[in-house]
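First chain written, first letter: the chains are A, B and C, and each begins at residue 1.
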Amino acid sequence: MESNSEVSLEMLKQKLLTMASHAETAVNEALQALQARDTDLALRVKEKDRVIDHLEVEIDDLVIQLLTRAPLASNLRLVTIAMKISQDLERIGDEATKIAKRARDLAEEPPVKIVLDLPRMARLALDMLKDALDAFVNRDSTAARAVIPRDKEVDGLNKHIHNLLAQHMVEHTDTIARCLHLMVVSKSLERIADHATNVAEDVVYLCEAQDIRHTGMKSQPVLA
Amino acid sequence: MTAANHKLRNFKDALMQIVALLCAIIVVTPLVLIFYHLIKLGFSSINWAFFTQLPGPVGEPGGGMGNAIVGTFILLGQAAVIGVPVGVLGGVFLAEYGSPKSSGWIRFAADILNGVPSIVWGLVVYGLVVVPMHGFSALAGGVVLGLMMVPLVMRTTEEVLHLVPAGYREAALALGVSKWKTVLQIVVRTALKGIATGVLLAIARVAGETAPLLFTALGNNIWARSLTQPIAALPLQIFNYAMSPYDEWHRQAWAAALVLLLLVLFINIGVRFLTRDRWKAKI
Amino acid sequence: MTSAIINRETMEQTPITTALAVRNLSVFFGANEVLKKVSLDIVPRAVTAIIGPSGCGKSTFLRALNRMHELNPEARMTGEIRLFGDDIYARAVEPVIVRRRVGMVFQKSNPFPTMTISENVTVGLRLNGVRDKRLLAERTEQSLRMAALWDEVKDRLNTAAISLSGGQQQRLCIARALAVQPEVLLMDEPASALDQLATSKIEDLILDLKKKYTIVIVTHNMQQAARASDFTAFFYLGELVEFGTTTKIFTSPSQKRTEDYVTGRFG
């Protein structure tokens, strides 16, 4: 029979995963609204962000409750990173909302004639998030560490898209407003990848009790 | 629970209470009767002369039991000198030093000795002290009463020492105090009231012993002058006077019995007083 | 306090920075091996907590540090314990001497009932022959101050020790132990019989005392160990499973058994 505290910790994990699922859906739907120029979908994404925000509050409350029981060792680490992961997920939800807003703005004007691989960027960022969360569920520190270097690729893509858009704006000054919107979308996707990286770092801390934030050596574990 | 059950329970409760009350009355009654008789028959003979004068000539009125009273105290004093150190130290050994096996045997021996009839004690000391000394003496009387006290004091001391919580011993030893100092200055000191109680009760017990004194102290009609001579004692006087054909002596025997009983009573009251709770520990 | 072990052959001096160096300590009660080859170093002027489930040997370990386990006639030990370099189990060493250097406070406070507060504090000194009244008075005040009890009892030093509350009695016992000026203070679940407020006071006291004394405390309360200690040793079934800084043991223990115990999966 599971103890009372084990039940609560399970509940915490489940809530995080639920919140993550909502965040993933929000990003996907926002991208879809952008590509399909679907203003209704964009609006729905914005409204559903409220659910994500609520979940953040619920998780934080649950964390406080669990802390009064003075958890120790791995339970302590789990509870503290739960708070941080929920924060990152909430920010991802906010970025999705930003993308949805720009999607609405862009849908009101004719499309820009430029090929940008925004879907690929979204795919990369969302895969990073999924892998970080899988690592969380499976307590797989190696898998979490593997996520971190992928941020570079997303950063590179963002820069590339940024340059393409900048050049287009210079050549076609009537598209400046629309290009700026697209730049914001790209930036948001880059931020989403950053948040996924944070989640991966938190998972490493949970598994190894190593805080690898802000250090240069992110891919090699210190303990063999 | 039905009403019938309820009534039956109440009835049984009341019945038990009545039975208990009857038993208490049955137990107390002999004591009340004894006191009543002693007071009725002996009080009139208690006067200053009784406490200060020697027995008068045979059959004649007057005289007292001054020497017997003093004699009893002298005998009890000697008994204490023998019984207290040996008994208390013996109890300390049993409680603090003995191995389970040796303590077991000593305890067994003490319990048997506690059950030995007092007349047998008298005969034994007769052989051990009176015969070599070629005569009855106060010393022999003191020795027999003292020896009788030893197993009693030993066992009560041991019981009281066992009641001292182990925590005190541990605390003292943990301070680097040696074992014998711990035993004497901490354990025995804590149990002192209990030990004193045991000693006083043992004295009260032997104060009334008559049979052993018949073979050792014998009795005397004059003031005690030396320990190597026979000595008077209250139980002995009671025995002699009661068996005599003289009314006057019978009356004095009652008085002596009353005095003896009062002695025992005062010792018991003294014990109660000493063991009253002066300091109440906060829980 | 530093001293050194001198190697007789090379005359090399090794400074001692360990208060109690335990090496391969095994304790037997009759045929029962209660402690199995325990080795660890108690750090001086720090608090070391000993944790573990019931029956793991933590109390036995504590008592071996001042030879109190010898009160059990069937007790036997092998191994070595050095107190600042001195072998406390050497043939020539009397347990009494060890206990004056390593003091102990027990779970249930036990001030001597026939003595006053000041008599209790000085009992260790007086029973070891100290007569100087001025010294005794000085030591009384000093020890009661160190035990954070002076202000509460300074006006009634001659009243019965058992008239104090439970928490005060325990602090009195601490003062009593400190009065003989030990180098190490052992505490066997000192606050488990006390309420929350009294427990806090004892914990604050421990944090204060460690400036001067080396303290080893057995506790079954992990939050207490986390609050009050610098190092923690986890015992299980007579073995030392893990020893490390308190932070490490309670945030990221290396051994699975430690992790399981600390997160409440057993014990």
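Basically, a contact is a pair of C-beta atoms (placed from the backbone, for glycine too) under 8 Å apart; a residue touches a chain by one contact, two chains touch by 3 or more.
Given the structure is predicted, the values throughout are model-derived calculations rather than measurements.
Chain C has the Cα centre that lies closest to the mean of all protein Cα atoms in view.
For chain C, the chain whose average C-alpha position is most distant is A. One finds 52 Å separating the Cα centroids of chain A and chain C. Spacing of chain A relative to chain B, judged by their CA centroids, is 93 angstrom. Spacing of chain B relative to chain C, judged by their CA centroids, is 48 angstrom. Those residues of chain C that touch chain A in the shared complex are 222-223, 226, 249-253, 258-259, 262-264.
Residues of chain B touching chain C in their complex: 165, 167-168, 170-178, 181-182, 185-186, 189-190, 192, 279, 281-283.
Only residues 66, 68, 71, 96-100, 103-104, 106, 108, 110, 112-114, 123-124, 127-128, 160, 162-166, 173, 176-177, 180 of chain C touch chain B when the two sit together in their complex. Those residues of chain A that touch chain C in the shared complex are 3, 5, 70-77, 208-209.
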